[in-house]
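Everything on this sheet refers to the single structure shown next.
To keep things simple, chains are lettered A, B, C, D and E as they appear, and every chain counts its residues starting from 1.
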Amino acid sequence: MADIATYVLTGLGLVFFIAGTVGLIRFPDQFSRLHALTKGDNLGLGFIALGVAFQTETWAQVAMLLLIWGLALLAAGTVSQLVARAAVSESQKP
Amino acid sequence: MTALISWLVLPLFAALAAIALPSRARLPAALLGVGLTVVASIWLTIEVWNTGAVTVSLGGWRPPIGIALRADGLGAALGVMTALVMVAVALAARHELAAKVAGPRIGFGFWPLMLLLWAALNAVYVARDLFNLYVGLELITLTAVALVAISGKAAAIAAALRYLLFALAGSLLYLAGVVLTYAAHGTLDISLLAARTVAPGDALALGLMTAGLLVKTALFPFHVWLPPAHSAAPAPASALLSALVPKASLLILLRIWFEAMPELATPMTQSALASLGALAVIWGGVLALLQSRLKLIVAYSTVAQLGYIFLVFPLAGGDGAAQPWAAGAWTGAIFQMLAHGLAKAAMFLAAGIYIAAIGSDRLGDMRGLARALPMTGFAFALASITLLGLPPSAGFTAKYLMMTAAFASGQWAWALVPAGGGLLAAAYLYRPLSAIFARDTALTPRPIPWAWQTVPLVLAALSVALGLLSSIPFEFLQIGRPEQAAEGL
Amino acid sequence: MTLWLHTLAIALLVSLGGALWRVWRGPSQADRMMAAQLIGTGGVAVLMVLAALQDWALLVVAFALATLAALAAVGFVKSESPDGAGDPEEAPPVKKMRGTGQDRAQNG
Amino acid sequence: MSLVLDMALCALILGVGLATVAGHGVFRAVIFFITYGLLLAIGWARLGAYDVALAEAAISAGLTGVLLLAAHGRLRRLRAAEEAPLRPNLPAALVATGIALALGWAWFALPDPTAPDLTAALPQSGVGNPVTAVLLNFRAWDTLLEAIILLAALIGLWMLARDRAWDNPLGLRYHARAGGVMASFGRVLPPIGLIFGIYLVWAGAEMTGGAFQGGTVLAAVCLVSIMADVLPAPRIAQPAWRLALVFGPGVFLLSGVAGAVFAQGFLALPPELAKPAIVTIEAALTLSIAVTLVLLVIGPPDEGGQDA
Amino acid sequence: MNLTVFALTGAALVGLGVYGLIARVHMLRRIMAFNLIGSGLFLFFGAAGARGVGLDPIPQALIITGIVVALSASALAVGLVVALARSSGTACLPDEAGDT
């Protein structure tokens, strides 16, 4: 049962990662690339963390997984906003 | 053992104090540290003299688990030479690099850097572990590069960066050899390595370590970084860089070739090293001849003077190690290290006095300075006697021992190197000496405190006196000599 | 399960390879940094998978990687601003009009 | 399957290494270098060297990356970040290939592995993590000198300041929009990082972690706070900062001397006291390492916008 | 076999770093090349230390020390490069700036 949850959730996570990467490669302009990417990696990491959580041995490990995901979410949110702004000012430079 | 440990930790404590204490307490703390470390180094020397080499397993863990230190005659002798140079540099820097003269930045930074360099040199002199030696070398490199850059001038920054580039390349080559050695033998202790079963990769490891150390020692053709770096630093820093820093990598080279892996030495490799040394003597001498600034002449002369030491490889290494002349060649090479250290420090400190007096070290500007600053002129002349290898200086003893070994071993061609090098040195030192002692004067010097002027004089006098008293140091240097070489006695 | 986790890690690595292409291609510096950010997150994901595969101690490494990746990105944003110390969210940076510092670095 | 995984990982590492060296453009190389450190950390994880993976992730991918990014920013403002078109260099390629082949040959020529037998020594070391036992007990002298090296690099870095800037705060004058995303990030991250860093030091005695890794994490969150203008940049003249720099090495040295006075020798730790002693030394070292790393990254006192 | 993959990767990284060190003149790129050489050596070392029964902790400790030393050297080098650019307007060494 736990194994099936892991297969499904990590598989989903992988799909999001691949989608994010494909978006990063394929989208023509920088801002849609940014958008694709933040979706892809946040959700992808979340599903993988959840999927891996079904294999853990202690609750502390589950907490750690969620903590890492939370930290990554926070960092990615902050960073993508700042980098997007930086990109705007970069593209506005003469 | 107490002496050895105090000698290692006192400069570290003093450096930490110099960083943490407020500016008015910095100089007293640094000078106190210098004084105490000198006492410790004399204490260590007496202990080695009385009881033989001092060995310590740090933390009580014997190799291959832990790190061993061993103060033999060679390490302790270099330690004393270093202590003498450090005292002299500290006394000169008190005048030249004081915060009110050189600004708060240099006034802050010079002391901890000098003390950390000292601690690192001491650590290298006694380390028996190849990786610990790497860490010590890196500490030396970083402090030395900072000392090159400390003046803040554009040329100094560029010289420091070039120095760092070469030094790090050397470190990585050395590290590659260390990695291969541990991977093959599971230990890095020099004594344990001496007893190892030779592995096929050992020659590669030895080659990599040697190449790295040659870059750090500035042996021809890896010398290009040295003259700009040593001449760009303030004189007290140059004295440290030229007199002491190359000796550390040279010492490791001796330890590896004579103690850790002596059986890998072949006549070919030994001759190759000595040939590079001979080329360094010639090339350094010729370039010194072409310079018009005193500090550059002195810096190129370091390239030449370090070259002599490499004659030790064919004269005392490999199969020759068991021969009667090996002891003489070995001692001669170490004498050269000691004599060059004292004399070179004296020369740079003298150059510092000239720069403080007239604001320039161009030979043309220095004409007739001996009249106003006779003690400094005399110091420079005495130091020149040592570099030329004239009797009764220690430089003479060194060259005499090496030439005797060359004749005794039938490798008389190597005897040409000290002889020819002496002539070249006479040529390149004649120019600054004739300028300093010229009858006419170019510039009127500012007055220099008497106490400052005596500093290089004492160092230069010591470099000559070492030759007069050479029988005591000769015996001292045999303490703890690698067994293979000691058999020859 | 071991087989799946291996496959998963390999697939994630391949996906990171795709992001590396974007780092190579650019064209803007922000593109490169965002791709590096994706690689950072992907690296955290790989470490999570390896933690399940080998040893849960690796979660500590994943955590460190997540923290430090954030630092690198903040460092990038700072170094991108005109004076090297700013914040893109600030109202148009106080233009000191020194005439320098506004030039774009190469985008090759 | 595990071989495929390792080969894929190594292929990525090599590709990124190649891109760092071969691609034109300094900025691109810096970004590749950051991802390189990250992939290498995964490589260490695969090799089972978790403490090294932690150090690599924190130091190579994180701190060195920020250091290079900040330097690139400064060079760009000094118009020195561009590089001339790259040309292939055949002699360099020959030397490089020769060295790589020699190392590759050396791998296959290695004799059977011999490692020192630590089974008797480890229970005496006071800690359960063998890497910590080596770093803080068996080879403590290396570690002490390593902490000193960090300090020496910082003093050297400070010597690159201009004399007229000596009394200024260290590094650039960071500013951020009050209440903005960056400023809030600079407030939220430090508590998390603080707890995590302390955990790493505490756990390092028995599990993955250690003073250098913990200190690096602490340094990273402090740097984010300083860059977000939440924490002020220190000045060299402030004694508390200089004290923090020497505190760790000082405690380490003193405990080493105490070993010489009260125990079997310099840096000796009696087995029954080893654990508390190591944790104390590590705690002190962590503080100093964190402060030193922060100051190493933000750089010498700056003249405040005059460097362009 | 897995260890061989890592060791050979390490050897190749050393080669790449050596090439970068000699062929590149921008000093930031040389600093990166240094770090490539160092980490390549460490990877080789780590693989060698993993050959026996169980993991030898000594190489790991030495590698951690080496990583910190490399960071210290890189920090000083980066500071020197910025100082060089400030005083001479270029991030290449004087006699090499013109030859590219």
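Keep in mind that, in the parts below, a residue touches a chain if its C-beta (ideal position, glycine included) is under 8 Å from a C-beta of that chain, and two chains touch if they have at least 3 such contacts.
What you see is a predicted model; the values in this text were computed from it and never measured.
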Original post:
Leaving out chain D but moving nothing else, do the remaining chains stay as one piece, and if not, how do they split?
Top reply: A, C | B, E
**OP:** Please give the intersection of the contact partners of chain A with those of chain D.
**Re:** C
Subject >> Far-end chain from chain C, centres as C-alpha averages >> reply: B
**OP:** Please identify which chain has its centre, taken as the mean of its CA atoms, farthest from the centre of chain E.
**Re:** A
Original post:
Where the centres are mean C-alpha positions, what is the separation of chain A from chain C, in Å?
Top reply: 12
Original post:
Per the centroid of Cα atoms for each chain, what is the distance between chain B and chain C, given in Å?
Top reply: 46
**OP:** Please report how many Å separate the Cα centroid of chain A from that of chain B, as a whole number.
**Re:** 56
Subject >> Chain centre separation in whole Å, for chain E relative to chain B (CA means) >> reply: 28
Original post:
Out of chain B, which residues touch more than one other chain, so two or more?
Top reply: 131, 135, 138, 142, 145-146, 149, 157, 176, 183, 186
Subject >> Touching two or more other chains - residue numbers and ranges from chain E >> reply: 14, 42, 44, 48-49, 56, 58, 62, 65, 69, 72-73, 76, 80-81, 83
Subject >> Residues within chain D bordering two or more other chains >> reply: 2, 26, 46, 48, 63, 72, 74, 79, 81, 83, 103, 110, 113-116, 118, 138-139, 142, 146, 149, 152-153, 156-157, 160, 181-182, 185, 189, 192
**OP:** Give the pairs of chains that touch; include all such pairs.
**Re:** A-C, A-D, B-D, B-E, C-D, D-E
Original post:
Which chain D residues qualify as touching chain B in the complex?
Top reply: 102-103, 105-106, 109-111, 113-116, 118, 121, 137-142, 145-146, 148-149, 151-153, 155-163, 166-167, 236, 239, 242-243, 245-246, 249-250, 253, 256-257, 259-260, 263-269
Original post:
Hey, which residues of chain E end up touching chain B in the complex?
Top reply: 14, 21, 27, 30, 34, 37-38, 41-42, 44-45, 48-49, 56, 58-59, 62, 65-66, 69, 72-73, 76-77, 80-81, 83-84, 87-88, 93-94
Subject >> Residue ranges of chain C in contact with chain A within the complex >> reply: 1, 4-5, 8, 11-12, 15-16, 18-19, 21-22, 28-31, 33-35, 37-38, 41-42, 44-45, 48-49, 51-52, 56, 59-60, 62-63, 66-67, 69-70, 73-74, 76-77, 80-81, 87-89, 102, 104
Subject >> Touching residues (chain side chain B, partner chain E) in the complex >> reply: 131, 135, 138, 141-142, 145-146, 149, 153-154, 157-158, 160-162, 164-165, 168-169, 171-172, 175-176, 179, 182-183, 186
Original post:
In their shared complex, at which residues does chain E touch chain D?
Top reply: 1-20, 22-26, 28-29, 31-33, 35-36, 39-40, 42-44, 46-52, 55-58, 60-65, 67-69, 71-76, 78-83, 85-86, 89-91, 100
